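Two complexes follow with chain A in common, the first pairing it with chain B and the second with chain C.
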Partner chain A sequence: MLVFAFRRLLQAIPILLGVTLVVFGLVHIVPGNPIDMLMPPEASPEIIAQMKAAFGFDKPLYVQYFLWLFRALQGDFGLSVFNATPVWGQLIAALGNTFILAILAAMVGFSLGIGFGMISALYHGRWPDKLFSALATTGVSLPHYWCAIVLVLAFAVMNDFLPAQGMGDDAEPLYNRLQYLVLPVVTLSLIPMGVIGRLVRATVLEILGQDFVGALSAKGLTRWPVIRHICKNAAPPVLALMGLQFGYLLGGSILVETVYNWPGSGNLLNLAIFRRDIPILQATILVLATFFVLLNLLVDIAQAAIDPRIRR
Partner chain B sequence: MPEGINVKPILGEPVLKAEDLTVRFKRRNTDVAAVNGVSFALRAGETMTILGESGSGKSVSLKALMGLLPPYAQIQGKVWLNGRDMLTMPKAELGKLRGGAISMIFQEPMAALDPVYTIGEQISETIVQHEGISYTDAMKRALGLLEQVKIPSAERRLKNFPHEMSGGMRQRAMIALALACSPSVLLADEPTTALDVTVQIQILLLLRQLQEELGMAIVFVTHDVGAAAEISDRIAVMYAGRFVESGTVREIMKSPKHPYTQGLLSSTVHGGLRGRVLETIPGSPPNLAELPPGCAFAPRCRHVTDGCRSGIIPVITSDSGAMVRCVRATETVTA
Partner chain C sequence: MSDATMDIAGPTLPKIDQQKLAPSPGYWKSVGQRLLRDPVTIAVTCIILTILFITIGAPLVTSADPFQGSVLMRLKPIGTPGHGLGTDETGRDLWTRLCYGGRLSLLAGVLPVTFALAIGGSLGVLAGYAGGLVGTLIMRVMDVFYAFPSILLAIAICGMLGNGLTNSILALSIVFIPPLVRVSETVTTQARQLDFVEAARASGTTTFQVIRHHVLANVLGPILVYATSLISVSIILSAGLSFLGLGVTPPTPEWGLMLNSLRQAIYVQPYVAALPGLMIFITSMSFNLMSDGFRSAMDVRLNK
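The block that comes next holds the complex of A and B.
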């Protein structure tokens, strides 16, 4: 098992290197040099050349790549082209804000999804199944931003239950600040709830159709031990999907963060794209991609720990 | 009577008795009559084999005995285990009996074992469930059981997952699991069908030896005449969800009365038949969704008469307890 984990970790290294190449390449395929865009049209060619040299945009692409990679490995992502503040600080702040939403939305969405999926499968074809299946389907089919707007209208505009926008400031008491979380978390948890719920239902139904479940009753096991067996068997595919979903949540939804005016990574990316802020773009995508790779690594290891047939 | 598990059956009293067991699978557009009135009584230490073709209702009968059929199955009749009616008892009570006083070996050990738990875990959780002893003690018992079913290097095998074992080894582990709480009745659903011949024989010998040691009653299900002759005291021949003939191994093998039994025996290759032309039974088993009235075997029977196709087929029971369900049997027995 340890050997498996270690091998998986080593395999992640070339993947991450590949990620840096793709990130760098993609960002530089986008036409438009940020300096050309930011400088006023009347700026003299000398000054433009000087600025380009300052940010390193004058060097050949491969040199730029290695320089960037070398610094990034040391945690130095350079300065934002737009406001010349360190990229790292902005990135950490935005990621942190998104992380709060992501972790809460994941907890809510995953637990509801697992609960609903489980109940649906165990009561297959009866009313709880129909109810929860309808809920799950709704969860995945409603557009995010539409839900966000409806929720804001219902709970913040027409009634004054919850704040509509932002995340409050540090001076407010904790209870008030928690209120800012409610609507975005609910919005973001809908899709994870739906997809996890449907996968759990399908997986558990498939497991229930296998002989060994009957054999468990034949051994005299009561309901809960049988459910424990079912859960362990259902865990690997569900974990994989949870990893993916959590990765998406970490990326931050541009639309949802825009509606709720939440200063997270989705917002940061959005701004960086419009401003051609290449250092921020590269750093954000790289960090998110790294999370994704590490998350999948964790999922792989967890799956192998649960299901011995996966270890190889 | 108090807890069935603890009551040692009085010799001669049947440990497992079924009376007119019937199973129908009735769904929206199908109505399968899988088991149509099965009766038997099994005493401690006795082995009864249910012999029948694929689809004759053998597995469904066993599952009905264990209460393992899906909710839409309609079960009728009576089943007593150590004198207690199994079909009407509450689910919690039944759970205590299953895996305890009555246990089952499945046709496909690979499918019947949970792939993500070790053999040791699967055996010991059964013991913990039934006897409430600690997990460590249960694990020790599991080790003893693996040794009892002659799994080599049992200590190591305890930590194996099902996919890490060979077919024969898995079946032995399955048997160990079934024996975990010293059942008084063991239901074995084609325990050797998935194995190759040499392993089949080993498993049969093992079952016979364990039965002698533990004094269980065994219901052994197979479509293999040789295995049936090898292991059983009595054989019941099943056709379309009914016992068409039953008797001691000698009676069935030496003088089969029912044309189906005769066909079944003569279509089996064994030494005594050398030089004779192998016969097969013409036609195929009936569709259980639309069973004909009268004898279900009539369409394939070469002795068929008008009496076979309608009315009630007489059941003739001899003094020795042998039974045959056939119109012709009256003639042969009385003649």
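The block that comes next holds the complex of A and C.
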């Protein structure tokens, strides 16, 4: 088991290196120096050269890459080109806000998805199956940015139940601040609910068709112990998908964060794109992708811990 | 197949008259029969055809100009005479905008999947069939792209390339290549190990012939089904890029962009503002259900 975990960890290193190359290369797929795009056209060449030197954009590309990588490994992502404050501080604050949303949405979405999927599979072909399958397909097909708008319409515009935007400020009591979470969390949890629900249904149906389930019932086990066995067998693929989905929640909340004006990493990324703030852009994408790789690594190890067949 | 088994067991079994057996329908014929028995798939296919008709044939179903606004007719509610679905923030007829807008939304949703299917599918079949160094190389590069959540990668590429329809199609194509490579590689590796493929290779069939007749025939179905399931995601994502201001630029009608520009109007005309999103939802839901229908119709194991 330890050997498997160690080998998996080693495999993640080249992927992470590749990720840094892609993130760095992404910025350079468009010709032109980031500073040239920011400076007004009437700026003198000396000032432009001075700015390039200050932000390190005057060196050859490969030198820029290694300098950037070396600093990034130490947690130093440089200064924002837009307002010259350290990138790291802005990123940490934004990531924290996104994490709150992602974790809550994952908890809601995963538990509903697993519940709906199990019920669908156990009542295969009957009305609970039809109802929950329709719900799961709806969750998968919803454009969540539209869903966010509709929820704002229903709960903030037509009725005054919940706040429409932002996350409140520290001065407000906890209960009020929790209200700001409700709509974004509900919106974000719909996709994981649908995706996980569909996979749980398909996996459990497949397991129900296997001989060992019949054997367990024939042996005299009652309903719940049989379901426990089914759960253990269904866990690895579901776990893998939950890892992916959590990564999507962290990295893909940009649209929902924009609608709700939630000060998270998605909002930061959106601003960075429109301000062409390269250091922030690179740092946000790199950190989110690294999280995603590490998350998948953890999921792989967890899968192997549950199912010995995966440890090879 | 049945002939061979009967020959082996011949002496012990009673002779079966071949004429009395019902002819077994071919695979695709039986898939078609199962599709015709599935009301949901038929219904959503009709919905998709209707959407295709009103978008491609937009001039037939509406006579208004999608770019012609009117200061007096801004943000009228649903049911206004002459503007059945109301008007948008510059007084343009929403029904007309929705019809014309679907063209780009559908195009920006279907094209990336088509490109990714061509590139990713070929790479995946190559990686699966060749295996070895080539296969490993392709798959490791894909692993790197897999490390990015899809929306994040699309937004990052689009954000760097600048806005525009071409860039958003390009960005989404890149995003969908890795999953298609993975799926095609998996099914090709499985197909390569099948006995009749081994037999064809052993009997000296050229690599091209083996891939064309034996491998592709067995992997194309699952790869296509997977690709159709991506269309729904692609439509949502491409409209999402436009919604962020990264895709189509105004005043071009496109559902994602319309949703964004009407967002400010939810306090004035909530139902009108929600309509473009409703179109995205109906379209993506229909593609999803159609893909599900094809998947279960093509899965022999589910339909014994």
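Methods note: the second predicted complex is superposed on the first by the 309 of 312 C-alpha atoms of A that agree within 3 Å, B and C clash if a C-alpha of one lies under 4 Å from a C-alpha of the other, contacts with A are read in each partner's own complex, and residues count from 1 in each chain.
Note that in this section contacts are C-beta pairs under 8 Å (C-beta built on N, C-alpha and C of every residue); 3 or more make two chains touch, one makes a residue touch a chain.
Just so it is clear, the structure is predicted and the values come from calculations on it, not from any experiment.
Trainee: Using the superposition on chain A described above, determine whether A:Lys219 touches chain B (first), chain C (second), both, or neither.
Mentor: A:Lys219 sits against chain B, while chain C stays out of touch.
Trainee: With the two complexes superposed on chain A, say which partner A:Val186 touches: chain B (first), chain C (second), both, or neither.
Mentor: So A:Val186 meets neither chain B nor chain C here.
Trainee: Please work out whether A:Ala304 is in contact with chain B alone, chain C alone, both, or neither, and reply first, second, both or neither.
Mentor: neither
Trainee: Identify the partner contact of A:Leu288: answer first if only chain B is touched, second if only chain C is, both if each is, neither if none is.
Mentor: Only chain C is touched by A:Leu288; chain B is not.
Trainee: For A:Asp211, decide between first (touching chain B), second (touching chain C), both and neither.
Mentor: The answer is first: A:Asp211 touches chain B but not chain C.
Trainee: Please name the chain, chain B or chain C, that touches the greater number of residues in chain A.
Mentor: The partner with more contacted residues on chain A is C.
Trainee: Overlap of the chain B and chain C footprints on chain A, residue-wise?
Mentor: none
Trainee: Would you pull the chain B residues touching chain A in the complex into a rising list?
Mentor: Those in contact with chain A are residues 63, 66, 68, 92, 95-100, 103-104, 106, 108, 111-117, 125-126, 129-130, 161, 163-164, 177, 181.
Trainee: Which residues of chain A touch chain B once you look at their complex with the stated criterion?
Mentor: 210-212, 214-222, 225, 229, 232-233, 306-309
Trainee: Which residues, counting only chain C, touch chain A once they are in their complex?
Mentor: 140-141, 143-145, 147-152, 155-157, 159-162, 232, 236, 239-240, 243-246, 259, 263, 266-267, 270, 273-274, 276-278, 280-281, 284-285, 287-289, 292
Trainee: In the complex of these two chains, what residues of chain A are touching chain C?
Mentor: Within the complex, chain A touches chain C at residues 14-16, 18-19, 21-22, 26-27, 29-30, 137-138, 140-143, 145-147, 149-150, 152-153, 157-158, 247-248, 250-252, 254-255, 258-259, 269-270, 273-274, 281, 285, 288-289, 292-293, 296.
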